[in-house]
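Structures given as structure tokens follow.
One chain, subunit A, appears in both complexes that follow, with subunit B as partner in the first and subunit C in the second.
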Partner chain A sequence: MTKVRKLHIDDKVEKLIFIFVVLFAVMALTKGNQILKPTVFQTIARQVSEIGLMALGCSICMISGGIDLSGAYIANLAGISAALVMQKTSGNIFAGMLCGILIGAICGAFNGVLVAHLRIPAMLATLGSYQIFQGIAIVISDGKTVQGNKILAKFAMGKVLGIPIPFIIFAVVALGAIFLMGKTSFGRRVYFVGTNEKCSIFSGIRTKQVLLFTYTISGVLCGIAGNLSLARINSAKADFGSSYIMQCILISVLGGINPNGGFGAVPGVIIAAFILQMLSSYLNTFPDISNYYRDLIWGLALILVLIANYYSDKRKMRK
Partner chain B sequence: MKKFKKITQDTEFWVFIIIVILSLIIQVRSGQFFTNNNIVDIIRSMIYPALGAICALLAFVSTGPDVSFPMIGACSSFLAIAITKSTGFNGPWIFVYLIAIIFGAIMGAVNGFIIVKYKFPSLIVTLGTSSIISGLLFGAFEAERTELPANLQAFGSAALFSVKNVKTGLGSSMPYTFIILIVVYLVAYIVLNYTMIGRGVYAIGGDEISADRAGFNVNAIRFGVFVINGCVAAIAGLSYATMTLHYLPAEYSGGEMVVIAAIVLGGAKLTGGVGTLRGCLLGTLLLSMVTNSLILVGISINWQKVFIGGIIIVGTVIPMVQKHFASKNSGIHQNGGNA
Partner chain C sequence: MENILSVKGIKKSFGGVHALKGVDLTIKKGETHCLAGENGCGKSTIIKVISGFYKPDAGTIEVNGIVHPHMTPSDAIKAGIQVIYQDFSLFPNLSVMENLAFNQVLANNEKFVNKKKFRTIAEEAIQKINFDVDLDARVEQLPVADKQLIAISRALVHDAKFIIMDEPTTALTSKEVNRLFDIIAELKSKGITILFVSHKLDEVFEISDSITVLRSGENVISCPASEMTEDKFTYYMTGRHFENESSTLPKEISKEVILEAQNLSAKGFEDVSFQLHKGEILGVTGQLGSGRTELSLSLFGLNRPVSGKIIMEGQEVNLNSVQEAQKLKIALVPEDRLTEGLFIPQSITDNITVTRLNSLSNMGVLNKGRLMNEASTWVEKLEIATQNPTNAAGTLSGGNQQKVVLAKWLSDNPKILILNGPTVGVDIGAKYDIHKLLKQLAMQGMSIIVVSDDTAEVVSLCDRAIVMQGGKMTGALEKEDLNTVNLNKATV
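Now for the complex of A and B:
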């Protein structure tokens, strides 16, 4: 079992590391004076934390054969409720963050029940639930921007040995996800369910439980991302970050996750998140390139990566 | 009796019942639902989503979700309007539509090509292409709020008929785009129900291999569906612009999810092969009523999204539960309906 999966990990991850190095070299050579600065790396690290967590959640759902379109809105709802709790408890940031993560878990579990127990196709379930999550976020925030907390913002700006704290959180969670998906029996079951659900039922796997947990984990990851984004921009709003849905799917696919489920490695997703964030920072150094071109580049990247994977898989099959 | 039982199993039937109940509630609470201006308003607000719903339905029935139609509509109508304005053309409005349709067909063909050639999930491909188109539209073409050319302006402001509510003094008028909606639906209805191509669209969505064995050209039909989708998206996009009397590029994105929700409510299945135009219209009507009429009942606009999400989930749960009970006696009822 592990042997089979190792093959996938090595292959795609190697390729991604190669792309990462090439991109980095290009950036250093063309815009070295603007890119090779610790502050730039710190900004990249801070931004990659949020999108990386959401993409991890989306990837785990994709591996299980579904998809999570509601991630960005779970993060928003978690951020808003965390901010509101902090306001109500006069600045108790731990209660707030705990509430954010809890809300993430509840939203994720809601998705999980819809997908696993009520058997709604994941895409439709999360399509419906994201409207609900966004709706609740609008209702509790009254459609306005909710202010964050000063202590939390300071905490998020803090660094340990020059590494921003949000990034440390991301790194810990990401290592946890790699361990969970790569080394535990739960992770193996998620791959199994994603490859062939019927087969896994007959093998005695409780698919409902596995799917429920998968979506709950995705929700928790998005809840953490919501907290981090609340800390970074010191405010939260219900319609913030709707373009993250597209980016999460892009990162997952770029990271080698098969959208049909069952294949792909978590480390690849993390490297893909870095590649995307670096590319975005690189584009920022060209002032005359409009921000809108980013959409164009990401869309193109998504389709080209899909096509490249298609041909490399085909070549492998022929061998 | 048997026929009645069959009707109650239809999702469309339940959507219809919900529409009737909802309209009665709104009527009782506000007394404003069954007034001529409210009904014209609802139909008017249905025109754009109902045209989009055809795109979503065709894609759903044959392949899978298509989320690129709002951006295709936005981009092709921008190009059509820009070309008309720069050439100073002031002929019949239909030519502006034709230009938009050509661009829409090209963009749809790109979607179709990638999906047919590589067999990627249509959701992910169309997410990618709609991102590309949005980048082109806002980055390369620098689209922003523009006035319509004179011929479209005249077409948009002309009214098919106007009604005036005697009691409240509020009036509203039906735009000519309503006729476009009817024509597009009629053509779609005839093609889907009475031609071999229409049968093929359902067949390839139901079971690709069987359809292939039965002699349908699966790839050609699938490609054709996405080209047609591009054309309908262009018609929808330009109709939206003519109805608002301005071209507002920022208004287009995000509409796809509500439209998909509408057709799912109308009974289209994500697994393909199932879905009707009637269901499509009913679903769109229900969601238009919710978005238009919550205020009449006195519910804050903030709750709108919660209601829409709730309706989507309830609407998808009911058929699943029905299926569950129907197959309870037949051993294992798990069937991997994963997206």
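Now for the complex of A and C:
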């Protein structure tokens, strides 16, 4: 049957922008006095930077046909290492941040070797490696909270034209990710490998190299997120942000990344990160909804998005 | 003779596509009837209507003189209709015995598993067609031909009166086809009616009593097999007249050797030596498991040689990766289009340009315009039937999909093009187009290796052929000796 099925990369992004606008309108109408404040937006912008970077890493791995469940722990390990280096070098911020990013890259490459060369399913490989990363983080921090750096914290509180500096960093990195995945031959290869690894090999793609890079990039993104988190909270701890793993998956899937690999556009992930962060801030305005409900809400949201995607894909196939 | 099945005016559409536009099919009790037509003509759809899987939009189904207004799968089974689909619908992880007896036990609604009973049912089933197989073997470990016989035996367990076989010979070697035909004859002698779906001319003539041809969801002709000729048959199926393929002018083969294998051994074959001349089409033929596929993979860097030499253009080369093969301008159209050749859900453009990502980008940044241009050039050149190259490759018919795989490698401008089963699952029209294209390419100086077990294809397409058997090269046929008789003799 020759059915016409165009690849609308952008219709999911359009849908997300629509959801974003609706959510914003609902927030403004119901809790306008608490939400429509510059400080709230700035807080959202700071928080979205960290979760957004981790979600980007997870998304790129998902596009390659895998997943990265270790993102939050790579970020923690990177943050702790960065803080320790800053302490040891008596306040060398650059050395610390560089170390954070490097640790991210090493952790990512480790995941990449497990997935690409040792052929361990990504889900298990990164589930196992996150324990390792967390373990290392606990050992080097003695399980305690590691103090950050005052100058770094001050820098992170800075703004350019009212926009928090961490958010500017996020924006630059996100644009880089959009470019990498959408406009470069490497990006296309990640999509190919995620669609069909065997066919990629038969097409002359170095699949192992592509996967290794993919997970390394994810690690770097998480390393940057770790630095931003260290700067924002002015401390780092081994078990910080464990709920981020779940949220990263939720953002990726909501952003239109196909969990089976090969499809999904990066801009959608960024909008999805905003939607989620706004929703989170909105929930904060309801004192009745305690934090105990968070996991329940994110879990329900993920399952609902997956169900919605299932039906919309099915409808598309019928068309 | 009375009719076992008579369907009239069957219509069925999916979405806006009319798969069947009023098809009639009458089958007499005890005959072997062939249903023929190209891919997409509605053969599979009409089978699924007969088996109760699809509900037709219009038309009547009459089985053994009883009209079934709402035929369901269980009605069909009760009426003795059994379909053997191309994938056989077996449980690969279960034993032969379990596969044979399972449905019977389920149908009787038995709650406990009785191994002894399983064995009795299974033994009876395989005896009916004198099929010798280890009942405890796991189905996935058996060759395709055995799986098919298991599916046939299973149909007999259900007391089949009317067996429909959907393209049963596609994956079989010529020897296995003969065995299948013997079994069909045996079934016929027991009074079982058979509907044999195929588009292979020689088989259709060999086996059937009468023939019905469909084209684009409509009846073209129904007649006794004796009234059909090959030319008429091809015309009815395609609506096109083809000039005789083998009538191409004999050409002078260049003396220049572009590729040479010397005592090459790797997993799956050993001690293979041959020369490939520039502008030549070399056939590599042999049955499944003869090492033909492994040889093609070795020449493409996917099956590392353990000994022997590969010499290209006078220099010994190491082929340990596809990248090295690609650098040497060696291309492979793999055996399995769906898993190895194509990114089915990705666009036609992406599929064609995947081999060109480096050369059509600037420092790693893609030039989308050049990618699109390259793809549409090939869509046009190879007459790939699509409204839009941004459609997924999966929207194309088998023949057009194969053209996309060809385009993807031709775009990389190879010196040596290896094709493994170039026209498997491709309709006659596209097969003709692909053969014509390969001859043209050879004429222009490309060296081509065609790996195929389709003897007719090797004879009409190749300048020379080597024959493989059990991992060894057992013969080589020059053009003057290259004919169906010699090839069949060499491969049996």
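Note that in this section the second predicted complex is superposed on the first by the 311 of 319 C-alpha atoms of A that agree within 3 Å, B and C clash if a C-alpha of one lies under 4 Å from a C-alpha of the other, contacts with A are read in each partner's own complex, and residues count from 1 in each chain.
Assume a contact is a pair of C-beta atoms (placed from the backbone, for glycine too) under 8 Å apart; a residue touches a chain by one contact, two chains touch by 3 or more.
All figures in this text were calculated on a predicted structure; none of them were measured in a lab.
Asks: Quick one: name whichever of subunit B and subunit C touches more residues of subunit A.
Replies: For subunit A, the partner with the higher number of touched residues is B.
Asks: Of the partners subunit B and subunit C, which touch A:286 in the superposed model: first, second, both, neither?
Replies: neither
Asks: Using the touch definition from the top, say if A:94 reaches subunit B (first), subunit C (second), both or neither.
Replies: In the superposition, A:94 touches no partner, neither subunit B nor subunit C.
Asks: Looking at the overlay, does A:139 come into contact with subunit B only (first), subunit C only (second), both, or neither?
Replies: The answer is first: A:139 touches subunit B but not subunit C.
Asks: Does the superposition put A:201 against subunit B (first), subunit C (second), both, or neither?
Replies: Touch partners of A:201: subunit B and subunit C.
Asks: Touching A:124 in the superposition: subunit B (first), subunit C (second), both, neither?
Replies: After superposing on A, A:124 lies in contact with subunit B but is clear of subunit C.
Asks: Report for A:18: first if it touches subunit B alone, second if subunit C alone, otherwise both or neither.
Replies: It touches nothing on subunit B or subunit C.
Asks: Would you mind listing the overlap between the subunit B footprint and the subunit C footprint on subunit A?
Replies: Subunit A residues touching both partners: 196, 198, 201.
Asks: Show me the residue ranges of subunit C that touch subunit A in the complex, using the header's touch definition.
Replies: Touch list, subunit C to subunit A: 14-15, 17, 19, 40, 302, 321-323, 325-326, 332, 334, 339-347, 350, 354-355, 357-358, 361, 364-366, 385-388, 390-392, 395-397, 408.
Asks: Give every residue of subunit B touching subunit A within the complex, in rising order.
Replies: 65, 114, 118, 120-121, 123-125, 127-140, 142, 254, 257, 260-261, 264, 270-271, 300, 302-310, 312-313, 316-317, 320-321, 324, 332, 334-339
Asks: So in the complex, which bits of subunit A are touching subunit C?
Replies: It comes out as residues 1-7, 183-189, 191-192, 195-196, 198-206, 262-263, 318-319.
Asks: Enumerate the contact residues on subunit A facing subunit B in the complex.
Replies: So the residues of subunit A touching subunit B come out as 65-67, 114, 118-125, 127-136, 138-139, 142-143, 196-198, 201, 207, 242, 246, 249-250, 253, 259-261, 290-300, 302-303, 306-307, 310.
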